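Both complexes shown next keep chain A, but they swap its partner, so chain B is in the first and chain C is in the second.
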Partner chain A sequence: MPGHGHINGMKLYLRYVSISIRSQLQHRASFVMMLLGSLLTTGIEFAGIAALFARFGTLRGWSLPEVGVFYGVINIAFALSEGFARGFDTFPAMVKSGDFDRLLLRPRSLCLQVAAGEVQLMRSGRLLQGGVVLWWSLSNLHLVLTRLGSALLAVAVVTAAVVFTALFIAQAALAFWTVESLEIMNTVTYGGTETAQYPLTIYRPWFRRFFTFVIPIAFANYLPINLLLHHSAPLSAFAVLCAAPIAAALFASAAMIAWSAGVRHYHSTGS
Partner chain B sequence: MKPYSALLRMRFIALLQYRTAAAAGLATQLFWGLIRVMIFEAFYSASPNRQAIPMNHAQLVSYVWLGQALLGLLPWSIDREMREKIRTGGVAYDLLRPMDLYFQWYFQAIATRTAPTLLKSIPLFVVAGCFFGLKPPTSAPALVAWLGMTVLALLMNCAFSCLISISMMWTISGEGISRLAPPVVYAFSGMMVPLPLMPAFMQPLLNALPFRNMVDVPFRIYSGQIPATLHHVIPAALHTTAWTAALLLSGRLMMQCGLRKLVVQGG
Partner chain C sequence: MAHIEVENLRRTFQIAVRNPGLSGAIRGVFRRQSEEKVALDCISFQVEKGELCGFIGPNGAGKSTTIKILSGILVPTSGRCEVAGLTPWKHRIKHVQHIGAVFGQRTQLWWDLPVTDSFDLLRDIYSVPQEVYKQRRDNLIDILDLTSFLATPVRQLSLGQRMRCDIAAALLHGPSLLFLDEPTIGLDAVSKLAVRSFVRQINQDLGVTVILTTHDMDDIEALCRRILVVSDGRILVDGSFEDLRRRASAGRRLTIDMVKAATLDLNGLPGVQITTTNAGRCVLSFDPIVITPAELIREVTARVEVADLFVENAPIEEIIANLYAGGSQ
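Up next is the complex of A and B:
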């Protein structure tokens, strides 16, 4: 029975978020520039892909709007998990400075405190841009979204968002042992986004296997989206709809196990 | 000149301490390079208009690997240390030193870029050369011209990054401009898409801007796409130097204005 003045986890999370957002809106000019920068970065990236299509014509049989669906899905998902789990991304600094001790003192879930520590509005640039590319691609393909199609799209976004969030948590967990933040985890977070902007089938087999069985991005990439684009049999769509959440859940549990092991292992660096 | 060279040496020694970080960075760069090489491979392999592409596949692969190896030389953003100096008031210490503040920053920028890049790029050249299709320079003159152009590019990059750092004297938080600069450098230098593959209508603009000299020109000299003859190299070198001079001058002017109204933060 929570005592007086206790609020539940969800409410607390939302309060953290609203404080974080309000503080970012204090520097309005800086915020607008940052949002523009974020929009520009992702916008230019897609223009680059379009330039390559203009030169080469096709990417192993895939067209620009088809690749745009992959691109839109992964960028929406990455923006969502970055918005949610950005605190984990900057977490190593917290371990290094000893600030993590403070969180341990509070009678609240550690994950919640870390996740809510920094919610960046600026990331909405990528979200917006991913949405626009997805919308543009779907309307260019004259793809009418059936109920099954929308389900596939939603499962792809959610699976990818869960996988990236799990990766951020795993990256943070690693910091309990390394203290320094290691650039190498960027290969699977940012590198994973870069990879999954295209259908995984264009890559070499070992690489494809890595992003299917080690990091289950394939469940948010080729498996659902190929079905969506080519109207394959409902039976295989159903199989993917079942398999993707299982893969995502397994991966997320592995990350959570690593995180709790890390918390147990934690020795303060002092300050 | 002596204090500046001491500054350079000090930076080198400090940065070379972080060998684990460098190893992790190397692995990261290899991974990224592989992704990009595979993407271009896929574009090439089934392209109906392969004949009309202004670069062949081997040149493209070398271009990608050079980009990964020399990534650190680019003026991606303002140097974190400088940002901290301006925000915390550390500028005051720099001002007390009997050196020109601009060149103090400029040489620091050079050192910050050169040391980690040297550390990372040499093993990357070896690994990418042995296993992942990076070819050696096409000829001895190409090697010399490429090295020369890379040094000139470094001098220009640092003038560019100093200019951005100095702009922080007005914005303090510095987040804004430092976020606008990287996408511009990324797109117009050739890091994103090799510039010969960019649309034809953009080429005149790309030729005029300084960014081409950061990546595209040296890389294509390396792979022999731009012949390493005086006829080709001299104009490119002049273009780079002219931009460097312009960036240096405007940086210094801006700094003078900035110092006149500078309020040191913190105490």
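Up next is the complex of A and C:
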């Protein structure tokens, strides 16, 4: 119904977010507790990594601040996609309870409705922690961010956020067929995050290939950040800047195809 | 053209068959067996603009499947279905702008949000212009008497309050067709009456076409000029309430509370049977065409000392059961 009074998808999403935040702020105490808890758990995680480096020095030639850049970028991206697409994470429950029918009755994109269904402010703990680790690492490396460096960093964050969001969508799409076997997908989403917090070069070749060509996390992790840390030639930096968005877009398209197939399957089974 | 046109609509489901026992479960992992269940067996009907139609039938008869197909949630196996010229599952976004739906068992509102916030969000979802929205909303709040709990989160509402809010929410975008799936289920008497009178009002005043499913015969009697009885995926009766009674001829019940427990002698009363007796209470079933209620009451009060009595219609399940037994012959 374009024309007078029409509200576009982005604006509608923001309305959902603002309402959701307002209702979460009503329970102020629980909000603060959750935020602190989220900060503490992610904080302890990095403290653990730092302790290991204090004992062993380097990890296959990577120093702690260098690994910290990987860790910071991936955690910022994961927090963003978790905040943006958290609804997909809890989507299987929605299919199981039949609440998905309600979304089908509304004249809006299903993806938008699912994504906006649950926006969690508490997740900003991870965002904050990722930012702090990234800032600490960059200043320890005495790395001055050039324009090219900032671009590489931004592309790394955005690419990772898109890949994680696509993973959430693919996982949700699977729920149209089966509600039980989602643990397997969790190993890819949460396992993928764990993996990508470190430079991919520390892993075995088949594992690296999987996270380059199947799940293109290398475009958000090793390729841009390695260039950033080692001041490689601008030409290869330019190549990565072009390739990363393409890889992310391809992966996201595959997830959307799976999602549409899932919706069609739901239409034809009704369960 | 009719508002709703349904022609030879058929819907089957594959139901997984599980063999009993451990060996059966293991076999099921490797070779899935399934059998076909027919939910809708080639039904056809038309609904004109402004009609108020009631669907009744036992659980699993196909009422929900019909509503799900009409509202675009489910795709039929075969057959044709058009609502206002649109095929629901092919033109989902365009179609759902013109329909509203209320499910008695499940709210359409946001659980944690105050009612007003839910309404505002629906305004944005359906892109209702502010002027139109404000007028419509205030009107609904007024008629459904929602003022006192507009700021309450939905989870804290009573069932009756929630249902009224749900109905208002389904009408904010001014749909021309409203689906009500068991709208009075679990409601107290006052809320039931309020819901009924409101449904009648929007049908008559706004000309909204209403499709209602219910198990409550009183809903049907109070609201629907036209009734469709569905059973085993087929339409058994499509007609008025009187048509249904005539087709069913299920008879009525006379409940008598006797002053002193006694055995009632039914000699000379044609077609009258004792359904249950419990202490001083005795329930008789009879056919009002064979013996009028007045005549029966006269006879009964002459034979035993009666403290109280009342006549009622046979329960819906019994009418449906009778209909179905007749339909399969």
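The rule we apply is simple: the second predicted complex is superposed on the first by the 259 of 271 C-alpha atoms of A that agree within 3 Å, B and C clash if a C-alpha of one lies under 4 Å from a C-alpha of the other, contacts with A are read in each partner's own complex, and residues count from 1 in each chain.
To be clear about the criterion, a residue touches a chain if its C-beta (ideal position, glycine included) is under 8 Å from a C-beta of that chain, and two chains touch if they have at least 3 such contacts.
Treat the numbers as computed from the prediction; the structure is a model and nothing was measured.
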Quiz item: Who does A:45 touch here: chain B (first), chain C (second), both, or neither?
Solution: first
Quiz item: A:222 contacts which: chain B (first), chain C (second), both, neither?
Solution: neither
Quiz item: Of chain B and chain C, which one contacts the greater number of residues in chain A?
Solution: B
Practice problem: State whether A:183 touches chain B only (first), chain C only (second), both chains, or neither. | Solution: first
Exercise. For A:195, decide between first (touching chain B), second (touching chain C), both and neither.
Key: first
Exercise. Mind working out whether A:104 is in touch with chain B, chain C, both or neither, as first, second, both or neither?
Key: second
Quiz item: Touching A:71, do we find chain B (first), chain C (second), both, or neither?
Solution: neither
Quiz item: In the superposed arrangement, does A:204 touch chain B (first), chain C (second), both or neither?
Solution: first
Quiz item: Of the partners chain B and chain C, which touch A:59 in the superposed model: first, second, both, neither?
Solution: first
Practice problem: Figure out whether A:37 sits in contact with chain B (first) or chain C (second), or with both, or with neither. | Solution: first
Quiz item: In their complex, what parts of chain B are in touch with chain A?
Solution: 20-21, 24-25, 27-28, 31-32, 34-35, 38-39, 42-50, 53, 171, 173, 175-177, 179-180, 182-184, 186-187, 192-193, 197-199
Quiz prompt | Complex contact set, residues of chain A against chain C | solution = 1, 4-7, 11-12, 15-16, 19, 22-23, 98-99, 101-102, 104-108, 267-270
Quiz item: chain B touches which residues of chain A in the complex?
Solution: 27, 29-30, 32-34, 36-38, 40-41, 44-45, 47-48, 51-52, 54-61, 180, 182-184, 186-187, 191, 194-195, 198, 202-204, 207
Quiz prompt | Complex contacts: residues of chain C adjacent to chain A | solution = 13-14, 65, 68, 71-75, 89, 92-94, 96-97, 99, 101, 106, 108, 110, 112-113, 117, 120-121, 124-130, 132, 153
